[in-house]
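Letters A, B, C and D mark the chains in the order given here, with residues in each chain numbered from 1 onward.
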Amino acid sequence: MNSIVDKKLINYGEAIYEACYQEMEIDKNVFVYGLGVDDPKGHYGTSKDLHKVYGKNRSFDVPLSEDGLTGIGIGAALAGLRPIYVHQRMDFLLLCMNQLVNMAAKIRYISSGEHSVPIVIRAAVGRSWGQGAQHSQSLQSFFMHVPGIKVIAPTTPHDAKGALIASIRDNNPVVFIEHRMLYNNAGYVPSSLYEVPFGKGRILKEGNDITIVGVSYTVEDSLRASELLKGVGVNAEIIDPISLSPIDYELIRKSVSKTGKLLVVDNGWTTCGFSSEIITDVAINCNNVSCERIGFSETPCPTTPSLENIFYPTPQSIAVKANEMCGGDSKWSPPEQPAKEITSFKGPF
Amino acid sequence: MNSIVDKKLINYGEAIYEACYQEMEIDKNVFVYGLGVDDPKGHYGTSKDLHKVYGKNRSFDVPLSEDGLTGIGIGAALAGLRPIYVHQRMDFLLLCMNQLVNMAAKIRYISSGEHSVPIVIRAAVGRSWGQGAQHSQSLQSFFMHVPGIKVIAPTTPHDAKGALIASIRDNNPVVFIEHRMLYNNAGYVPSSLYEVPFGKGRILKEGNDITIVGVSYTVEDSLRASELLKGVGVNAEIIDPISLSPIDYELIRKSVSKTGKLLVVDNGWTTCGFSSEIITDVAINCNNVSCERIGFSETPCPTTPSLENIFYPTPQSIAVKANEMCGGDSKWSPPEQPAKEITSFKGPF
Amino acid sequence: MKNKFNNEKAYYLYLLIRKSEEKIIDLYSTDKIKSPVHLSIGQEAIAVGVSLALKDEDIIFSNYRGHAHYIAREANLDKMWAELYGKSRGTARGKGGSMHLNDWGKKFMPTSAIVSTAIPQAVGYAFALKYKKQNGIVICYHGDGATEEGVFWESLNFASLHELPIIFICENNKYAIYTHQDKRVKNDPIIERANSFGVKSKKIKFGSTEDYYNVTSECINNINNKSEPYLIECVTTRWKDHVGTGDASDLNYRDMREIDFAIEHDDLINLEKQLSSDVIKKIKLQVDRELENAVNFAEASNFPNKEELYDNVYG
Amino acid sequence: MKNKFNNEKAYYLYLLIRKSEEKIIDLYSTDKIKSPVHLSIGQEAIAVGVSLALKDEDIIFSNYRGHAHYIAREANLDKMWAELYGKSRGTARGKGGSMHLNDWGKKFMPTSAIVSTAIPQAVGYAFALKYKKQNGIVICYHGDGATEEGVFWESLNFASLHELPIIFICENNKYAIYTHQDKRVKNDPIIERANSFGVKSKKIKFGSTEDYYNVTSECINNINNKSEPYLIECVTTRWKDHVGTGDASDLNYRDMREIDFAIEHDDLINLEKQLSSDVIKKIKLQVDRELENAVNFAEASNFPNKEELYDNVYG
């Protein structure tokens, strides 16, 4: 579909903006709302000035009422509109669970298809520079757990634009997971409209020694880990699942049947997490694959840098684990090279 | 501790009542609240007339405000009280997620131990007789996922009493999962006060051929399945984890290292569920164990009996799966014998 | 402009609701209706009065206690009964049951069994009507207990902020299950609170069907002149148990004279008084026939087959 | 009984807050404070006036914008600064940071960065005081935006129903981040709404420190006579950006004259006017010394070591 198109080098945030802008242009039922979407910063620029282009009723700020506003979006969706509800942090979705799980995920089923709920819930995962326990959570597993909700977490600008377009056009409630540390990553993005489909993952780097599956920002970590691993002759295959519900199990199964080793790097806690789902599928459906998982430490996220740095998986910790799984020297410690987007971040929020 | 004590044959609901009654007697900081706790039915009798015994301020009804009342319980706990908040259905905890995950689970950590939150959240899982999509959910995996919260789901009257006592005395937020279909199950229960500790599971039936792990009501299903399996010469080991967070991984690992086969029967959806956590731990820490999981169908729960019956795992479906895993005839279909507590249930709620 | 109150139609709808609920009571012991039912008996005047004031274009949001709202809207009775029976010709092919009725043809939206959760959706639907410059107003039925959920006030705030065409119909039967309102809020505050949230509110105590028709018509006229939300608090009495078909008199949770009083003042009697015996006879026959057909329709329908379990999880 | 307003102490606390916030501004560019800060500059009069009216036994619930509340309560300044630095001698050994200060010695409870989530906890604490027949009153600081969360109204309903000893201090700085209150609610409704929820409410526009002291003392006297909740809406001005140390003047999200006006009427000037130059001199020296000590304490402290990551997840 987007075979011969002109591409621009833009960042992740701009890609999301472009998806919103273009979909709002072709479908007047699409509207964007959420705290600060029409303020001067426009949620990392992703909704900046959309109200000036499309009018105050198609991009508007709201009271602090996450529960109610989720239901209001669902009601608007029932009436045929296509709401996009933007959240500054995924932690705030904890105020929306009743509407998302008890209502959005159920309405189509309890009406046997008479109604559906085409709403997109955009949520940014916070990280680094003292976000602390309440502004850093990444709760994809909650939504993966619930039938009736789709979940997608693009990593690249290309997939961010295409996945958001697919989400807006989808007739189901979609939780669209963004990550603060990805907004400034640049990539080539087609100017045209295109969809990155649900249920299809991507091999970002081919390799034969081990399969590493990340999610959202940890895909980035994993790619960097694979660079470090080259230093010890380990050739890792890096998979970006993109779509978390439905998941492209096939892609992962095929990869591990080749490598025989699976390391899942969770962007979140591992217990009943994304990583446990991936490993369980492989354990059930593939033979003799050695599996490991790493993710957030099993604690709330601490604010102080000295602990925050070790709370998260890093390219180094991923590489060390992968190297061990490949029989490498467990004493190997690759050079610490903190991610530029993290070290360069100076707030204020 | 409860070695030589007199035991009474009482049911699961009475065991919970006894735990509340006796703990309230010895600790005046313990109080019970929730919708209908002091009404004539007293939540399946588990809180019946406690207000008459201990006074209106220690067992009281509340407005319909689950979010606020969770925070109110947390605040009371911060002041040194030990609140027990009772919910008629676990589905209603979806209104409490912000307080439970963003606050209760975090306060001890963000105050570095200065404060803790000794609150017990009792929630009954609904099942059967047209409970439908919004009164049947069993969301243990949400709480297992979050560090800072403990989760316990006793199956027998003995464990119900002991686990509730342990939960009340615990200094952390505890989600205590009950099941409507267990309330009338009888068992011998010590009259004394005793604790069933967190982090310790139980082998309810020993066996060498396959390990079956259930949770809450599906432990009951699994025991019945093991009876059916005897008919085809399969000797199943049935494990009741009781405590879901922390989990007694050791017990399960030991069992599967003996049987070489693991079937987890989830009382809930399986994606990122309890079952995926158990299988993942085994996949990582044990060798050559063949694993399978079954649980709720990946749909909302339908109301009509013809679909509700096939939505849930049953002793039959468990036995068939286990027999298959043991190399038995996949055509084997054991006699349908619907559970008495389910067939006998006639509402009205 | 407001039309005259149609006494004959009111009587017909009122009777159809009453008889339908009573039919459920009769049949319940057979266990053919395998799910909780929250009966509307005693509260019919509200549903009938409100519904008679509405146009086809108007949208209805109700709740688990929705039989009266559904029938008063003249939604499909056969399908409702098939749904109660869990049959595949029901409003949700059996997947919803009594707590999740819906009839899109009558713009009767799927109801929720979680208290207060449909409230913001009703507001969102009203927002969409304004967004699309579409005619119609939204009716949002709810109980007194529903006003205690925070989401209720978040919803009212948004409705007033955006001046949305919606009428909240608060059916205040004074109880949430067995708990009296006085144990849940101080001094009967609903309309005062709603007013402070920018929603013009009016309270009617034990009103007649015509009272509810009149006040609803009035609100609709106002909205047609100037779009803004209204709330009508209707003080009423639930004759039966909260759920199920009994009357819970054994529980002594309330003074049963509350119910005796309500039965004495049942508006069905007043409505009947104003009709000729022929008309009454005709209507009673019609009601019995429709109800019999509906039950037969349910009986004659099949249960959904196993394959349907996985249908409509996603669209 | 109410004591006389202590002008000297008010000046001292006010200045200590102001200087501490300004110190943060000075140091922020060094990136030694690696976390978001929500400054209280411009809102000090409220915290100081309220705190001077309190007893040791009273409990404070605040929020992420809590520096002023913390310092006005005379909580440990060294530990606050160590916490801002993420050091192990901080109020939460570095795990909390600016958004999660606490000082149990002063009954200053851990604050939350999720708007409105500490409100019900404050109510629950007040419930516990009554339950245990303990003296003391709960002070619950929150912003104007916090009143839009449903949980706020659930909390007020419970507080009035149970007649709890709590005072809600609503710091209405008119903005939630960059969004003016008029874009979030209709006609400035906070006290009317609170009254309808059974919480007696009073509004004070741009009050002086003494005004806030007086109204708080008054409420406390009332509560000592009859336990029930109160709300004081304090209309104030946030001089700086919502978060961080800038003033966001480049964003044009507001008329900067609002801030000019506030600066002109800064109550620090009035408080100073009423003191002798010696006293002023003495206090300024003391403030500078305490602040210098606190910063040095923070600088001299160590970061928590890796092992601490897993401490205090469970108790």
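Keep this in mind: a contact is a pair of C-beta atoms (placed from the backbone, for glycine too) under 8 Å apart; a residue touches a chain by one contact, two chains touch by 3 or more.
What you see is a predicted model; the values in this text were computed from it and never measured.
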Per mean C-alpha coordinates, the chain lying farthest from chain D is C
Centre to centre, by mean C-alpha position, how many angstrom separate chain C and chain D? 46
Take the average of all CA coordinates in chain A, do the same for chain C, and state the distance between these two points in whole angstrom. 42
Chain centre separation in whole Å, for chain D relative to chain A (CA means): 36
What whole-number Å value describes the gap between the mean CA coordinates of chain A and chain B? 32
Interface hub residues of chain C, defined as touching at least two other chains: 92, 95-96, 100, 112, 114, 148-151, 154, 157, 161, 184-185, 313
For chain B, give me the residues that contact two or more of the other chains. 62-63, 65, 67-68, 91, 95, 98, 102, 109-110, 132-134, 147-148, 298-300, 302-303
Which of line, ring, star, complete or other matches the graph of chains that touch? complete
Once bound in the complex, which stretches of chain B touch chain D? 31, 57, 62-63, 65, 67-81, 83, 98-99, 102-103, 107-116, 118, 147-148, 150, 171-172
Once bound in the complex, which stretches of chain C touch chain A? 59, 91-93, 95-96, 100, 102, 104, 109-110, 112, 114, 117-129, 131-132, 150-151, 154-155, 157-158, 161, 311-315
For chain C, which residues count as touching chain B in their complex? 31, 34-37, 86-87, 90, 92, 94-100, 112-116, 145-146, 148-150, 176-179, 183-185, 241, 243-246, 251-253, 303-306, 308-310, 313
Sort out for me which residues of chain D touch chain C in the complex. 148-154, 157, 160-161, 184-187, 189, 192-193, 195-198
Give the list of chain B residues in touch with chain A in this complex. 67, 91, 94-95, 97-98, 101-102, 105-106, 109-110, 132-134, 137, 139, 141-142, 144-148, 245, 269, 271-277, 279-280, 282-284, 288, 291-293, 298-300, 302-303
